[in-house]
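One chain, subunit A, links the two complexes that follow: it is found with subunit B in the first and with subunit C in the second.
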Partner chain A sequence: MSLKPGIHNFRTKIIKILRSQGVLIGLVLIIIVASILERSFLTASNLLNILRQASALGILCLGVTFVMMTGGMDLSVGSTVSLCAVVAVSMMNKYGQGTASNSAALLAILTVLAIAFFIGVTNGFLIVLFNGRLGETFIITYGMQIVVAALALLFTGGQFIAGTFGTGLYQWMSSGFVPIILFLSLAMIMHIVLAYTPFGRQISFIGANMDCARMSGIKVSGIRILVYGICGMCAALTSIIVTSRVYSASPLQGNGYELDAIAAVMVGGTSQTGGTGGIINTILGVLVLGVLGNALNVIGVDANAQLLFRGAIILVAVGLDMWNKSISLKESAK
Partner chain B sequence: MKKVVVLVLALTTIVGTSFAQGTKPLKKIILSNAYYTAPYCAAFNPAAIAKAKELGYDLQILDGEGNQQKQLEQARLAIAEAAGFIYFPADVAGSVPIVEALNKAKLPYVIVNNYTLDALKTNNVPCYVGTNVKQHGHNMATLIKQLLPNGGNLVAIEGTAGHAQTIAFNEAFDEDFKGTNIKFLDKQPADFDADKALNKMNDFLTKYGNKIDVIVSHDGGMLAGVISALRAAGKLGKIPIVCAGSNKIIYDAIKAGYVYGTSTQDPGVEGALAVSTLIDIINGKKVPQWVELPIKPATKATIDNYNWF
Partner chain C sequence: MRPLSSNLRLLHGVWTFVKQKTSKRETSVEKYILEMRDITKTFPGVKALDKVSFAVKQGEVHGLVGENGAGKSTLMKVLNGVLVPDSGTIMVDGVPMTFRNAKQAQACGISLIYQEFNLVNTLSVAENIYLGFLQTGRAKFIDWRRVRADAVHLLENLGFDFNVREKVQNLSVAEKQLVEIAKALSVNARIIAMDEPTSSLTQKEIDKLFSIIRRLKERGITIIYISHKLDEVMAICDSITVLRDGHIIDTKIANETSSAEIISKMVGRPVDMKYPRRPPIIHGEVVLEVRKVSCAGFVKDISFSLKKGEVLGIAGLVGSGRTELVEAIFGARPLQGGDVYIHGRRTSIRNTADGKRYSMGLVTEDRKETGLALHYSLADNIVITNLQKLCSGIFVNKKLMQTNVDQYVQELGIKTPSSRQAVMYLSGGNQQKAVLAKWLFSEVEILILDEPTRGIDVGAKYEIYLLMNELVKKGKSIIMISSELPEVLGMSDRVIVINEGRKKGELCGDAISPEAVMSMAIQ
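So, the complex of A and B:
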C-alpha cells in the first residue's frame, strides 16, 4: 500500500525529528506532565536537587560514553566507584582532621584518580591483548568488576566507613552547584575532545569499524587503553562526589552503577555497538532518567511501578537505536 | 599395560582417600551467607568463625550472593562433606527447596538472621536463630509513638521493595498505628544504599516539606544518606529520625541528637549464637525451634548499654 506524497513527506519529517530529537522531546514531555501533576516539581530547589543527583552518575556516564563509542563496554566502573570510595574516605578519616583537611582531600582525590586510571588501563590492556570486541569487553571487565569489588571488601573488611574528617575541600565537592559545575565542565571538555579533536574522531572511527581504523593507521590499541583509563578516572570522580554527599563510604557503594550508567548512555542515544552518539546525548540520557526518577517520587508513584517506567524507557531507547540503525542501513542502500 | 597400572593406582588413591576421610570425625561446618558482603556481616562472620574455633570446629563461610540456587548448591556441598550447616537466607521466599534438601538429608542445620515465625512452622524448619524481624517494626513504632503522642506524619526510607523485612516492618507499623493519628505520607525503597537514600530523602523534602514529623530509616547505611539530605536542606536535627540497626553511624547520630532512637541488633552475638546452637544440635542436645536474639529499642539515654559495629 503506497501513501500519498504529502502524507509520506509528513511521516518522513516526523521520523526525522524523532530520530534526532527523540530524547529531548521525551525529556520535555516528562517535565510537562510532572509539572501538571505536582506543583512542587517545577521549583528551583527541586530542579537543583535533580541536577545534583544526576551529576554524580553523569560524570560516570561521560567515561562510559567514551568506552561505548569505541564499541566496548565497562562493567567494572561500579566496583571501581566502591574501591575509590572506601580508599578516599579512609584517607580522609586518617589524614583529614582539622586544618589538614584540604591537603588530605587533594591527596585522596589524586590517589583514587591514580588507582582508577590503573584499573581502567589494565582493562584496556587486557582487552587489547585479546583483541576484544563487544563480547570480550563484557567478560574482561566483568572479571575486573569482581576483582575490584573483592579489593574493596578486603580493604574495609566489609565494614561501612563513617566519615569523621573535617569540613573543607572534600565536602565542598558536593556542596551547592559544585557537582553540577564539575559535571557540566567535564562534559564540555569531553564533548570538545570527542567531537572536535583527531583523538575523538579516532574513537568514533574505532567504534564504527575497528578493522578499517586499524588499516587506516590509527593506533587502535593505544586509544582503547587510554579510553578505559579515562573511564576509570570518571568513576573515581563519581566516588568522590558520592562519598562527599553522604559523608561515608561502603564497599558496596557503587553496586549497580555500571548498569545505571550504561542505561543512561543508551537512553541518550549512544549506540551499544559503538561509532554513533556523543556527550550531548549522554547528558540528555542522564537528565531523562534523573528527571523521571525524581518526577515519579515527587508525584508519589509506587516504587514497584517506578521500576516499570524505568524499564520501559530503557526498552524504548534500545528499540529506537535498532530502528535508527535499520533506517540508516536502508538509506545507505538507496 | 601402563594405562592399567595408572588406572589401578588412581583408583587405589581415590578409595584410600575417601576411606581415610570417612573414618575422621567431621569437625567442619559450612555457613552459606546470602549477604556475605553486607556491612552487617563484616561483624557477623568473624564472630561466627571465632565461636566455631573456640568450640573446636572449622567454619567455612561461603558467599551465597543473594542467590537461592547458589545457596542450594552450598547446602548440597554441606550435606556431602560437613557436620552441620548454617543457612543465612536471602529471603524467606525461595528458601523452601533448601530447607527440604536439608530436612531430607537429616543434616543438622540452623537458619539465621531473617526468617518469619510463621514460615518456621509452615516450612518445617527445626531451628531458627535470630530476631523476630517484625519486632524491629514494633520497636520503631514504640519510639515513634513516644515522639508523636498526638499523631503525625511519617516518611520511610525502606530497604529492598518486597523483601520479607520490609513487609514485616510495615505489618508491625500497620498494627501499632491502627487507631492513632500517625500515618505514612510516603515510603520508598533505597536498596540499602546511602546515595539512593539521599536522593529519595531530597524528593520527600521537595514533596512534603514541613509536613514531615518523623523519618523512618530501615537501616543504618541508608541513614547516612538521610542525614546528608537533611543537612543540605538545613533541617538536620529539626526532624527526628527513627531507625533499625546497630552500626556506628546510628550511634554517632543518636549521640548528636539527629536520631531519636533505633531498634538494635547485635551481629556479633548473632553469629556466635548461631554457631553454638548448631554445635548443640550436632551433639544431640535439644534446642528450641526459635532461639531468640534479643532486640531492644535504644535511645540517647541507653545507647551505651548495647554493642555497636
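So, the complex of A and C:
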C-alpha cells in the first residue's frame, strides 16, 4: 500500500513535472540561454518582434489545433493561405484605391474568409463522407492542398502580385500590436470554446474516441465539418496578416505553412491522434519555435544551421510525447 | 533458431518423459509441477499480490477464479516472466526459477495465452505458429515447404484440421485459439495458462476447446484455466483456486465443491440468488414500437414492442443480427425499411443524436471500443451524452458537472478514487457502470443494453441486475441483449428470439424456458 519514500518519490515528482510542463521548461531554458549569450535578446523591442512574427503563423496553428484535437490533420491550410493571399491582394489592388481602401479591405477580408471556410467545409465533407480517420484526413486534405495550390497559381497566372492599394484598414492589420492582439484574443476565444463549451468538449471527445462519441449521440459529422471550416478561416486570417505585412502576394505565399503549423501544434503537446492538448499548448508551441528562431538569429547562428536546431527541437518534442505515452501505457498495464 | 524437426522430436520426447514420470509417481506422493511460494507484487499504491502461494499438479486442469482485480492476471504475468515479483519464489519441478521475461518462462515450458491474441492477422497459420523460429534453408531463405509441413504435422498431432496457408484474419475466434495452443506447444510448453479462453466462443466451440483441453491433459500437459464463467470452470477443471484482493482464499477439488461455495468465496459473502427478483411493474403504455424493420444484410422484417417498466430480452446467437437490430433502432446504422414508433408517434431517426433526442440510450457491447474514451476521466465520460444539461449560458458549469457526476458515482456505486480518474484504470465492472451512468445522466427513458455484463465479475453483475430493477421501478424501459441464456431468462419479462436476422418467436411469462429459447435460436 505504500509508495517508496525519499529519493524515488522525489524522482517521480520531477518526472511528473517534466512530463506535464516540458514545453514551458523548454521555452524558459531557451530564453535563459539566449539572454546569457546575447544581451540584446531580452529587450522589450525584440520580444515584441518575436510575438509579432509568431502571430501570423500562430493564428493558423489555432485552427490546426482544433482539427488535430478531433484526431484529424489538415494539410490544405498552406495553399489556402496562398489562394486567400492572392485573392485578397488583387481585390485590394482593384477596389482599394485611395479613400475606398477601408471598405475594400473589409470586403476582401470577408471574401477570403468565405472562400477558406468553403475549402475547409469541403475537406470536412469529404472526410465525413469516407468516414475518414487520421490516414484519410491526411490524404484528402493533401489532395485539397494540391487543388487549391493550382487554383492560386491559375488565378495569378503564376505571377507575383505587388501591392498597389491605398493604406488603411488592410495595412493596419499588421501594424504595431494588432497582429499580437488578434492572435491572443482569438486564442483566448478558441481556448474558452474548446475547454468550456459543449461544442469544444465534444471536439475533444471525438478525438479521444470517435466511435464512442458517435455512440454517445454526438453529431460527429457536423462537428467535424465545422471544425475544418474553422481551420480554413484561420488560414484566411493568417493570409491577411502576412500579405498586409509584405504588401504583396505570391501564389506560393503559404508554401510549407501547413507543416510549420503542425510542427508547432505538436511541439506544444497536442497529440496527432487527437483528444489531448489544447490551445494553451499550441500558444506555447508557437512561442517555442518563434523564440528559438529569433534567438538563433540574434545570437548569429548561420541560417542553414538554424534548420538543424529547428528539426532537433521537433524531434525532441515528438520523442517526449511518445515517452510520455509509453509511461502512461505502462501505468495502465497493471 | 532451433531446427523444427528436432523441435518436434523434443516435444515428443518431453511427452514420453512426462508420461514415464507420471506413471512412476502414481504410487509416490503427489508432486507439483509448479509451485509459486509467497509471491508478493506491489504497484504504486496497490498490493496486487500479497504472499500468494499457488501450486499446480502435473497434468491437471487447474481453475483460477476471482473477481476482476483479484490478482489473477498479475499472478499469471509473474508466472510467465512479464512481471518480476517483489518477493517469493517460483519452482518448476521443484527447482527454483527466476523469470526476467516471457522468453525465459517459455524456455522452461510455460506459455500464457492471452485473452487478446498475440497473432499477426495478415500472416498465415504456419507463419504464426513458428513466428520467430522460422526454419531457414541453405541460403538463409525461409524454407516454406518445411515450415508448412511442420505446422501440418503439429496440428494433425493435436487433431486440429485446418489449412496452414490460411491467413489468421480469416479464422474464427475459436480457430485463432487453436493456433495459439499450437504455437504454445511448438515451443514445448508443459504448462499452458489460458486467460478467459471462452469469452467470445459459441457453445459448440467451447465444447471443442474442452475436448482439446482433455486431450492435452491426457498427454500430461498441465493447464491453468482462468475464467469468469463458473459453470465452465466446474465442468473442465480438476481443482479450483479462488483469489480475492490479492490473497489466495482456498483451493478446492472440483468435484468436492459447488458453484455456490466458489462464488461465496469469490465475493466474500454468501450469494443466495443469482438474479434479484422484482415485483411485476409493467405499465400498459407502449413506449417503443418497431414495425417490420430491416437493415441491409443483418436484419429482416423484425417487429416488436416495449412497454413502460418492462425488461425485454433479446436472445440469439452471436452474429444473429441482435446488435445490428438495436443499432439500427438507435440510429447508429441506416434502416433499410420499416418504422420505429416512440409513444405511438412515428419517428425518423437518421443518426444517434436523433436516437438520443427520442430518449433512447445504447450501452454498446464493447465498452472499451465504443462505450468509453479510455484515457478520459470518469466525469468527462459520464457527462458527454448531455452537456447541455450542465450549461449555464453557453458554458459548461464545472461545479454543476461535479455535483451531477458525484451523484451518479454514488448512486451506481462506482468504485474510483476520484471522478477525475481516467476510466482505463477502473475495473471492468466499474467501467460498465460508467457506461450506464452516461445514459442515466442523459435521463433516457429507453435503455438498450447490449451484453451489459460481459467480462465482469459476479459481484458487479449482481449490482447491474439490481440497478436494472431499480430503473424499471422508476418507469424506464429496458431492452437487454445477452449471450448468457440464464441471464436473459433470469432478468426478462418477455423474450424475443432472433435467428439469422429474423424474429423466430416471442416468449412471455412461464413460457420462457431455456429449451424453448434455444430451439428457436438454432432452428
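Here is the rule we go by: the second predicted complex is superposed on the first by the 326 of 334 C-alpha atoms of A that agree within 3 Å, B and C clash if a C-alpha of one lies under 4 Å from a C-alpha of the other, contacts with A are read in each partner's own complex, and residues count from 1 in each chain.
Going forward, contacts are C-beta pairs under 8 Å (C-beta built on N, C-alpha and C of every residue); 3 or more make two chains touch, one makes a residue touch a chain.
All figures in this text were calculated on a predicted structure; none of them were measured in a lab.
Judged by the touch definition given at the top, the superposed model places A:Arg245 against subunit B, while subunit C stays out of reach. In the superposed model, A:Leu18 lies in contact with neither subunit B nor subunit C.
In the superposed pair of complexes, A:Leu184 makes contact with neither subunit B nor subunit C.
Using the contact criterion defined above for the overlaid structures, shared-chain residue A:Ala208 touches subunit C, although it does not reach subunit B. Contacts of A:Ser216 after superposition: subunit C is touched, whereas subunit B is not reached.
In the superposition on chain A, A:Ala56 makes contact with subunit B only, while subunit C stays out of contact range.
Of the two partner chains placed by superposition, only subunit C is touched by A:Tyr196; subunit B is not.
Within the superposed three-chain model, A:Leu169 lies out of touch with both subunit B and subunit C [touch as defined at top]. When subunit B and subunit C are set side by side, the one touching more residues of subunit A is B.
The residues of subunit A lying in touch with subunit B in their complex are 38, 40-41, 43, 45-46, 49, 52-53, 56, 149, 153, 156-160, 162, 175, 242, 245-248, 250-253, 255-256, 293-294, 297-298, 300, 303-304, 307.
The touching residues of subunit B, counted against subunit A in their complex, run 37-39, 41-43, 45, 158, 161-162, 186-189, 191, 193-195, 198-200, 202-204, 206-207, 209, 220-221, 224-225, 227-228, 232, 247-249, 252, 309. Those residues of subunit A lying in contact with subunit C across their complex are 1, 3, 192, 196-198, 201-202, 205, 208-209, 211-219, 221, 275-276, 328, 331-332, 334. Of all the residues in subunit C, the ones that touch subunit A in their complex are 43-48, 74, 332, 351-353, 355-357, 361-362, 364, 369-376, 380, 383-385, 387-388, 391, 394-396, 422, 424-425, 438, 442.
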